[in-house]
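Each structure below is given as structure tokens.
In the two complexes that follow, chain A is the common piece, with chain B as its partner first and chain C second.
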Partner chain A sequence: MTTRGRLTLFVLSAVGLTAVLVASLTGLPRFGSDAGRYGRLINRSAAVERHVPEAVGAVTFDYRGIDSFGEESILFAAVLAVALVLREQLDEDDLPYKLDEDPGAVTAGETTETVRLVGMTFLPLVVLLGLSVIGHGHLTPGGGFQGGVVLASGLALLYVAVDAATFRTALPDGALEPVEAFGLSAYAVIGLLGLVFGSAVMDNFLPFGHLGRLVGGGTIPLLSVAVGIEVAAGTLLVTAQFIDQLVRVMRSRSAR
Partner chain B sequence: MNATTVVQLLLLVLVAGGGLAVVLERNPLNQSMVLGVFGLTLAMLFLALQAPDVALSEIVVGGFVVPTLVLVALAKAKDHQ
Partner chain C sequence: MSVFPYLVAAWLFIVGLYGLVTSRNLIHLIACLTVVQSSTYIALLSIGYQRGGAAPIYKEIPTSTPAVDPLVAALTLTDVVVGAVVTALLLAFAVQTKKRSGTLDPNELRDLQQ
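Showing the complex of A and B:
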């Protein structure tokens, strides 16, 4: 298609889209008006019924807990797909990571002192932040997924601050994969235990405790931790696959 | 027109500008960084609209996952040329 033809098609589509957008946006309720019946109901009842101040967490892990299981499984499948697509090809040689290897041989060069210092300073802070967001999933905004990715990004600082060999040796696939699987199955097991000890699958069967305490809300903090573990391990696995690809690129570049 | 509305309006304009900046930046390497900043403005908008969980998700996804994906894909594509 010629440039002119593409431009004509775009203009026609843009006019049609604008018309539809304007028609639909003018029909919406006023900006900032009523949140909806379900929102008001949750605001009224979540803290009272589940003793949990974070209503979003109560919805994600209790009232609509099965949805979060689906989301967790999606991440699991995505990690699997990435590992499948980026698997070792026939023309690629193995990547043995040796810790005492010259860092310049694996990465483009040694990381500078500044990067190393800042990275290693922030690593424990970000890991702690991630653990805090996961653990307070039923108290503050955040929860399993957000805290899990923060935790993974904190541990990925090991690659940024040092080198790929350290990252892959400290967090090998053989350790991350069982942890990820444990996170996913823990969620499923807790859900099934709801059937055993409660009235239905995903039933919140543990005692609710006091409002605002770290230990409380029944199964909500446990499910948040399970999701956090699974998301952190899955994100680290994906990051590890990407780092392998980057190392291959740098090796082929230095070989040329 | 109270302070909250002003902040929301300002952030909406910033988000629109950020989106335009992502599209107008043609170099993919620079574009990944602009994408990260755009994700941050989007997260601030979500926060101003009183959705902190969504804002946190947008920060982690837009700040860590998306730039990583883009940069690794870029490195691989450049290597294959």
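Showing the complex of A and C:
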């Protein structure tokens, strides 16, 4: 099919799709009107039942905890697929990541002293912020998913500030993969323990504690930490795969 | 206008789809897919919004205070993070495609063998 034909077909279908979209979306309750009944119910009962002030965290890890398990499984599968797609091909060499190898020859030059100083100053701050967002997921907006990404960004500063060899030597695949698997399986184990100690899978069987305390809300902070670990390790693995790919491409280019 | 956010979501969806269909670069195509994904986030969050509603955090306020729907917020926040990693997977495909066939143009990638 020619480009012209494809475009014509798209325009015809898009007109129909737009009509259906607009008709259905404007048929919804007006923007700003009362939220759904489930939302109102959760708002009224999350703090009372689960002693967790943040209703979004309670929904993510308790009321709809099984959906979050599905989401982090998607993330796990996507990380696995990236590692598979970007693996070393038959015509590429393996990468020796030794710290004493000259990093400037491998990646796009060395970083300056200023970048290194600023980056290494911010690394512990961002890591701390990530841990805080993960740990306070049931108290303030945040949780395992967002905090995990912040944590991974903090650790990826090691690549931004220094070089690829340091990043890959400090956080090798052999360390990140078990951590990610631990995060995913911890979530599954806690969910199954709900079956053992409670009444159903993903049941919140731990004591709820006081409202607003850091340790409270039953399994919610534990699940948030498990997701945070898994998301952070998974994001770092994806970053590492892309960095490896960059190094391979640059090395093959310089070898020619 | 009280249907404006929904129209924005529909517009983003259609524009993203148009970019997808007429794309000449795989990276651009993946960015258009991200635009389509964000249209769904906007649609979700618009459904959950409540005028005059507080954030659904009940530390200081009584639980009877009208607040924004937490359910759609939870759906969106997990989707954003997972969507980012799936986008990374698509970009990995683009990287290998460029290495294998030397081009990022979807029109030239139509034949499966080189």
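Quick notes
In the analysis below, the second predicted complex is superposed on the first by the 225 of 256 C-alpha atoms of A that agree within 3 Å, B and C clash if a C-alpha of one lies under 4 Å from a C-alpha of the other, contacts with A are read in each partner's own complex, and residues count from 1 in each chain.
The definition used in the following text is that a residue touches a chain if its C-beta (ideal position, glycine included) is under 8 Å from a C-beta of that chain, and two chains touch if they have at least 3 such contacts.
Just so we're clear, the structure is a prediction, and the values are computed from it rather than from any experiment.
Look at A:S153: by the touch rule set out above, it reaches chain B but stays clear of chain C.
Of the two partner chains placed by the overlay, neither chain B nor chain C lies in contact with A:V179. Once the two complexes are overlaid on the shared chain, A:L193 sits clear of chain B and of chain C alike. Applying the stated contact rule after C-alpha superposition, one finds that A:V22 touches chain C and leaves chain B untouched.
Using the contact criterion defined above for the overlaid structures, shared-chain residue A:V133 touches chain B, although it does not reach chain C. In the superposition on chain A, A:V249 makes contact with both chain B and chain C. In the superposition on chain A, A:V56 makes contact with both chain B and chain C.
Legend: residue contacts after superposition of the two complexes on their common chain; A:I42 is shown touching chain C, with no touch to chain B. The intersection of chain A residues touching chain B with those touching chain C, taken from the two complexes, comprises 32, 56, 141, 143, 145-146, 149, 235, 242, 245, 249.
Only residues 3, 6-7, 10, 14, 17-18, 21-22, 25-26, 28-36, 38-40, 42-48, 53-56, 58-60, 64, 67-68, 71-72, 74-75, 78-79, 81-82, 85-86, 139-141, 143, 145-146, 148-149, 211-212, 231, 234-235, 238, 241-242, 245, 249 of chain A touch chain C when the two sit together in their complex.
Across the interface of their complex, chain B is touched by residues 32, 56, 133, 141-143, 145-146, 149-150, 152-153, 156, 235, 239, 242, 245-246, 249, 252-253 of chain A. Partner chain A is touched in their complex by these residues of chain C: 2-7, 9-10, 13-14, 17-18, 21-22, 43, 46-51, 53, 55-59, 63-64, 66-75, 77-82, 84-86, 88-89, 91-93, 95-96, 99, 107.
Contacts from chain B toward chain A in the complex involve residues 5, 52-53, 55-57, 60-61, 63-65, 68-69, 72, 75-76, 78-79.
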